[in-house]
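To start, the structure under review is shown below, and the notes come after it.
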Amino acid sequence: MVKKLLITAFEPFDGEKINPSLEAARFVSRLKFRGARINALELVVERHRAIDAALAEIRRLRPDAMIMLGEAGERFSINPERIAINCDDFRIPDNAGNQPVDEPIVKRGPAAYFSALPIRAIVNRLIESNIPAAISNSAGTYLCNRLFYSVMHCIKDEGLPTKAGFIHLPRLHEQVAGKRGNNPSLSRETIFEAVRLSVEVTLAHLR
Amino acid sequence: MVKKLLITAFEPFDGEKINPSLEAARFVSRLKFRGARINALELVVERHRAIDAALAEIRRLRPDAMIMLGEAGERFSINPERIAINCDDFRIPDNAGNQPVDEPIVKRGPAAYFSALPIRAIVNRLIESNIPAAISNSAGTYLCNRLFYSVMHCIKDEGLPTKAGFIHLPRLHEQVAGKRGNNPSLSRETIFEAVRLSVEVTLAHLR
Amino acid sequence: MVKKLLITAFEPFDGEKINPSLEAARFVSRLKFRGARINALELVVERHRAIDAALAEIRRLRPDAMIMLGEAGERFSINPERIAINCDDFRIPDNAGNQPVDEPIVKRGPAAYFSALPIRAIVNRLIESNIPAAISNSAGTYLCNRLFYSVMHCIKDEGLPTKAGFIHLPRLHEQVAGKRGNNPSLSRETIFEAVRLSVEVTLAHLR
Amino acid sequence: MVKKLLITAFEPFDGEKINPSLEAARFVSRLKFRGARINALELVVERHRAIDAALAEIRRLRPDAMIMLGEAGERFSINPERIAINCDDFRIPDNAGNQPVDEPIVKRGPAAYFSALPIRAIVNRLIESNIPAAISNSAGTYLCNRLFYSVMHCIKDEGLPTKAGFIHLPRLHEQVAGKRGNNPSLSRETIFEAVRLSVEVTLAHLR
């Protein structure tokens, strides 16, 4: 049976004109994966609207797997996230100006949810392909973590069949080339291949 | 008239199995550049033998331009070096065990030589191509700087016609993928393209 | 009534000869705090013995508050940790050679526990005192996180009255002075004052 | 005979309200050093006026030694500079809005001057005192390097008796506490003691 995979990405934020997650989601959604269908969903960088859109789509599609992608500007490698925590603490405002401090995402929700993606297998596969990758133990407390937590909570709460998780991507070279200071970044080709391999490993683990 | 360009690179050191400078020099020496001939020279990571080999080749070949390449493990971008200084101060031993501290490279030699490569034009060209690049103001005090200084001194001292300079390269992804910690690196494709463009810009400035 | 505060610290590890947490715990345990008694406990860097010793002491003492201290070599500031996660994934072996990978600390335990210390108030108080400080969203997956999680689980599970949490400390200057590379560190005076202020704020919040 | 030591420092720049060099120069100028008299000079962060003021003072005072201090925001340790290079390439404008690119400081001046301070002895003395310190091989291409080069050139050109050099200082804790991101910094006490020891070592080497 054909597997359904939902991939989400964010619009640009924090003054950037592109977002590697969006570029990668668009790229991957045009590829063919044997025995699978990919749906891509672009999210605004707004505290409430992003979550509403993601939850609506997961309820509608009921995908077998869901890979949420996001940009993390200071990361050196592809980072499958291990855990989502029940806390909003935005270090910068979102694109609608929201900046919550130390607030729970879901009142009386559990402190955290672990990723249901095969994060160790993804990291191992990327390293074999000479792509820098490491499990990250914190998705932060900005919108990426909020989305990740909200989705995991929804899946648990509503008994959805989806294996979901979040992968943070470094910036693209074009976002940092020419800027002051030492800014880690990866090439478009490397980020695209990393996301393609992550989809492959995720699909292989569904069987 | 056909221009002669000499490109040098180092063998692996500091426990590494590859050196991005060597990979890039081999790649570029197989390409065709209109109106130019490329000679590549591989150097050992030994304080005296490396310099002897480089000076012998520059005297023999009398190239129009010379691009020295080397690996700099902590760099985030392609770094054309601005200046070579008259100082050996090795933070690690070379492959023959030499580790000089605060010694002049050439007794009574000038304090420093500026690069004769078009370093600003190279950096601008790389950034236009979405490759992270920046002028570096220190080639360190290890063998890379020693080679750079020795070559510039020889050219000046012996009146050779060569426009020479040094470019530091970050590590390749395959050197850091799977290692502990945050290690900057670039893809093989990016480093190769960066060196190819550097050769192109250098040749264009000879005319 | 006199409040009881338990402070724990670790012995040196990873080739170091000192541990800032141990130095700070010894310093603070010699100070007088109005209306409070401080007990200090030194822990070995061993996966099982460290936890056994800490849990035995918390059950025996039943403190009002517990501040666990640990060293985090790459941190730039004093880091009260926000959350402990149910995962052992040691990037280096402990002092007894244990190196678990992706294992739960407590089988079927909750994914995570939030700190019960006033972490925002501690950070604010340190910054007012010109000490670099920030809430950290990950205590890692080494022994520090294991201790933090195990203690929070024990408190919850056994209904103990203790407000507990973990604070990561950067290295001391003397651990990095003269070493290769860029290593963040703080002075002994700064770390001691930071821990003293953290105790003060914690005690103030008990009232 | 009493030795004369001139110490220079800069006013705040780049949006900062204080400059560690100025704080340290003021502190040290109030101390007594056996057999020596300290003069302190505060410089504006302006390309031409800073140099004019420094050269006027060195010609007037003809000090035995001169320690120039400056702030370097990304440094982790006290950095006696090894060399000044003949290049202005300001990454940010100075306080008067000047931002030269790749210009020589002195037309037809030598490429560089080495520090005449006992930089290795200073670094060793600081490390013995548990203060992070390292020789730096680049003072950058901003006003700090411009001052350093201009002073060394003046001393050489005019045959002055002064042993001069430059020491870069990290930011003070109070400049970074509470700011986003990982910002290295040192305590006021550590920076003051580092500069005091640097003066001591410099004076000892004059004898």
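All chains are identified by letter, namely A, B, C and D, in their written order; residue positions are counted from 1 within each chain.
The rule is short, and it goes like this: contacts are C-beta pairs under 8 Å (C-beta built on N, C-alpha and C of every residue); 3 or more make two chains touch, one makes a residue touch a chain.
Bear in mind the structure is a predicted one, so any value in this text is a computation, not a measurement.
When the contact pairs of A-B are set against those of C-D, A-C or B-D, over half line up by residue number only for C-D. When chain centres are set by their Cα atoms, the one at the greatest distance from chain C is B. In terms of their C-alpha centroids, the spacing between chain B and chain D amounts to 31 Å. Separating the centre of chain B from that of chain C, both taken as means of CA atoms, is a distance of 46 Å.
Chain D has its Cα centroid 39 Å from the Cα centroid of chain C. Only residues 76-77, 126-127, 130-133, 172-174, 176-178, 182-190 of chain D touch chain C when the two sit together in their complex.
Against chain D, in their complex, chain B makes its touches with residues 82-83, 85-87, 89, 102, 110-114, 120, 135, 137-138, 140-141.
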